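What follows is a set of structures for review.
In the two complexes below, chain A is the common chain; its partner is chain B in one and chain C in the other.
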Partner chain A sequence: MSDPAIELSGVRKNYKYFSLDNIHLTVPEGQIMGLIGPNGAGKSTTIRIILGLVHQDSGEVRVLGHRMPAEQIAAKWDIGFASEDMRLYESLTIGWHMDFMRRIYPKWDAAYARLLLKRFGLRADQKVKGLSHGQRVKATLLMVLARKPKLLVLDEPTTGLDPVARHEILRELTAVMADEGRSVLFSSHNTHDVEQISDRVTFIDRGRIIDSMDKEVYLERWRRLHLEVPHGVELPVLPGIIGVRRDGRLAIATANAFVPDLAHAYESSGARVHSVENMTLEEIFVANVEYSREEVEA
Partner chain B sequence: MRSSVVGQLIRKDLVLYWKPIFTATAAAAAALALVLAGGETPVFVGVILFFIALILAGHMLPLMGIANERKKQNLAFLMSLPISSIQYTTAKLISSLILFLIPWLTAVIVGVWIIDTRGIFPPGVLPDALILAFLPLLGFCLITGAVLVGETEGWGIAANVFCNIVYPFFWYFMLKVPALMANVKSPTVVWNSASLTILAWEFALAPLMLGLTYFIQSRKRDFV
Partner chain C sequence: MDGTFAISQSDKRPMYLQIIEQIKQRIAVGDWSEGRAIPSIRQLAVDLQVSVITVKRAYLELEREGVIVTQQGKGSHVASNGGLGKRLREAQATRLAAMLGIRPKELEHRLREAGDRISEKETI
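Our next item is the complex of A and B:
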């Protein structure tokens, strides 16, 4: 079995007002991992530790088999990194940047770069200064993708984009990911984007990983049960139910390990199960964060 | 052909900042042309403009080439390349030095030539002129260190203000040191211990400041 593309174990990083706490994260080779968290959750710090730009206080970080941050130069030859706060040089053209990357990367694919230029509706002679936000993001991604990295690390790349630009970028990323040897870590607070392209999903909140598993498993295990609870009936506490919200006779129970027996157990207690609904990744994320915060506070 | 990433970063800075350096060199050349024109007022204005051109080059370059790179969020792009933070620092120090030394060395060499051959100034002024010419170089080293280590434009501006305060005090100090002023009107160049000591200090301080910058940068744990 090949090494994971990214492996973090017991990583800690303390700042004055924020800490990453005991982060364990594995991105298997060839997989697309979505890293979802609210603003300030620790996504960007985690990514910067992965790239060796921020040194962890403790814990092990291995990227493409390289120890980080000590071997960051060797690792970065095969990492393509783009972030929402990354900008190309305003006074220079896209073509200049392409030439700059070509001079650095032996694997730079000039034909693919030209193809991306066309697909993204960009021109090599355009100065970065005159580009819209969407075009700037596309130009940055072009620089990342045409170097043919083994690992793509994307930190909120679709933030602030209009739906058409987001769709174009996600489509290109999906095409790139058809290469099975390529691994991707995709951070976002937009669960819709992550749901579209990820194999695995990790939730992070307040510097802690709160859950990490296959996307399909999340969608399979998380359910919302709409109940009618007659007067005098007490709902039982069931394993797999992480929260119950009551409003008079009606109640909504959220399950993070749904099995049909849960519905039967409610029925047996005297409640009536109106419906069992699937949850979107966004709903799962919000419920997961709320549950995790309640657990921590308790 | 592929060269090292550090080499590419240096080349990139030369492409990006040749215009302000060309402008500073042209301004220094214009100031020296004014000096060559002769006459009390043109020479006085030329000398003042000469130092202003060098000071501007030394002060603006680190702010444009280093602080702006952070402010305009280009640094994340650079640090995505296969380099370490210390390689980035190396590239920045080398490119900034090259860019600054072009106008500085050109202006200083031409200035020395004018003093030596044109008869506009007495040759005895040369040691003091060189001491003064070194000040913008020291200012450049200090501001470069401040923006690299401090990581914000604010540190660069603070260093800039500090230099601008120090320069007139230094000029005043020179006027008050008899050993420095004794030979200003001499028909030959006189290198006394006072001028040599100050020049030696200036000569040592420049690499010391850049070396200290490099040392502090190499010990940083967080870069972007």
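Our next item is the complex of A and C:
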């Protein structure tokens, strides 16, 4: 087993109005990790610490085997980073930027860069200042992807894109995974994107990691149970159930550690289980944030 | 080849179940014959633009059901245990019957009736 692409342990960072608290995070090699969280949750700060752009107050950060921020120069040859606030030179063309990247990065794949240009519907002679938001995002990603970095770190790569552009970008991200030695960390508000392409999911809220695990295991554990509760029946308090909403005879229980025994336990208390539903990552996201905030406040 | 796989997020079933369903369908209609090599997990993930972990889960499930066989270093194949396509078609018919609210006993009865009708015609 090779080293993880990213490993954070006990990472803290304090700002006046915000702090990252004891972050533990592992991105195994060959996997896509989706980082989800509300605005201001700490996604970008976490990403910047991983890249050595922000220095942690304490805790260990290792990226591709390099200690960060101390060894960031060595690490960065193999990291491709793109974020919304990255700027290309307005008065220059996409082609100029491609040429610039080729001179700096020995692993630059010119044929792949041309292919991406075509797939993204861009032209080398286009000046950056005439590009739409979507075209800018795609041009920036092109510069990163064609370097064939071992680790891609993308801060909100699909935000503000139309469905076609989003699809094009997700396609390129999953294509990267054909190579087992490459890894991706991307943050997003778009839970659909994360649900579709990521192998692992990390939820972050208010500077804390709420959950970080295998996406399939995660989707399996969260369920919604629709119950019918006859008069006089008290629903038992069960481990793994994080909340029950009740209206008349009908109740909905949400589980974050579902096992079939939960349904049996409700049945033997006298309630009827009408259905057990899967939840989308978006529904889990909302339920999880609400639940973890209640836990913290309680 | 995989242009006809369609993974939908509005489908209530999880993505891995949709993949299982569509692979079984290919076997049931005979497009994927017994013993045929099927795409590697990583390759299918790239083709379908879904995560490796999701396809892996589908393959593990299919293996447990005896529909595919995965050998270290040789990749995955459709199982060659005789009549797999037929078995999957039967499973589809059973599921369809359940959806229509037909009980197994009744399904058996109706199939027998239908069979009798066919053999009557054939004897004429």
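In this section, the second predicted complex is superposed on the first by the 298 of 298 C-alpha atoms of A that agree within 3 Å, B and C clash if a C-alpha of one lies under 4 Å from a C-alpha of the other, contacts with A are read in each partner's own complex, and residues count from 1 in each chain.
Methods note: a contact is a pair of C-beta atoms (placed from the backbone, for glycine too) under 8 Å apart; a residue touches a chain by one contact, two chains touch by 3 or more.
Predicted, not measured: the structure shown is a model, and the values here were computed from it.
Colleague: Just chain B (first), just chain C (second), both, or neither: which does A:Arg87 touch?
Modeller: First partner only, chain B.
Colleague: Does chain A have more residues touched by chain B or by chain C?
Modeller: So, of the two partners, B touches more residues of chain A.
Colleague: When the two structures are overlaid on chain A, which partner does A:Ala178 contact: first (chain B), second (chain C), both, or neither?
Modeller: second
Colleague: I'd like to know which partner A:Ala165 touches here: chain B for first, chain C for second, both or neither.
Modeller: After superposition on chain A, A:Ala165 lies in contact with neither partner.
Colleague: Quick check for you: in the superposed arrangement, does A:Met33 touch first (chain B), second (chain C), both or neither?
Modeller: neither
Colleague: Looking at A:Gln72 after the superposition, I want to know if it touches chain B, chain C, both of them or none. Which is it: first, second, both, neither?
Modeller: Only chain B; A:Gln72 stays clear of chain C.
Colleague: Quick check for you: in the superposed arrangement, does A:Ile241 touch first (chain B), second (chain C), both or neither?
Modeller: The answer is neither, since A:Ile241 touches no partner chain.
Colleague: Determine, under the contact definition given at the top, whether A:Ser198 touches first (chain B), second (chain C), both, or neither.
Modeller: second
Colleague: In their complex, what parts of chain C are in touch with chain A?
Modeller: Going by the criterion above, the answer is residues 7, 9, 12-16, 42-43, 45-46, 49-54, 56-57.
Colleague: For the complex, which residues does chain A have touching chain B?
Modeller: Touch list, chain A to chain B: 48, 51-55, 72-74, 76-77, 79-83, 85-92, 96, 100, 103-104, 106, 140, 143-144.
Colleague: Show which residues of chain B lie in contact with chain A when the two form their complex.
Modeller: So the residues of chain B in touch with chain A come to 1-3, 5, 8, 12, 15-16, 72-74, 76-77, 79-85, 87, 221-224.
Colleague: Tell me, which parts of chain A touch chain C in their complex?
Modeller: Chain A residues touching chain C: 30-32, 170-171, 174-175, 177-178, 180, 192, 195-200, 214-216, 219, 277-278, 280.
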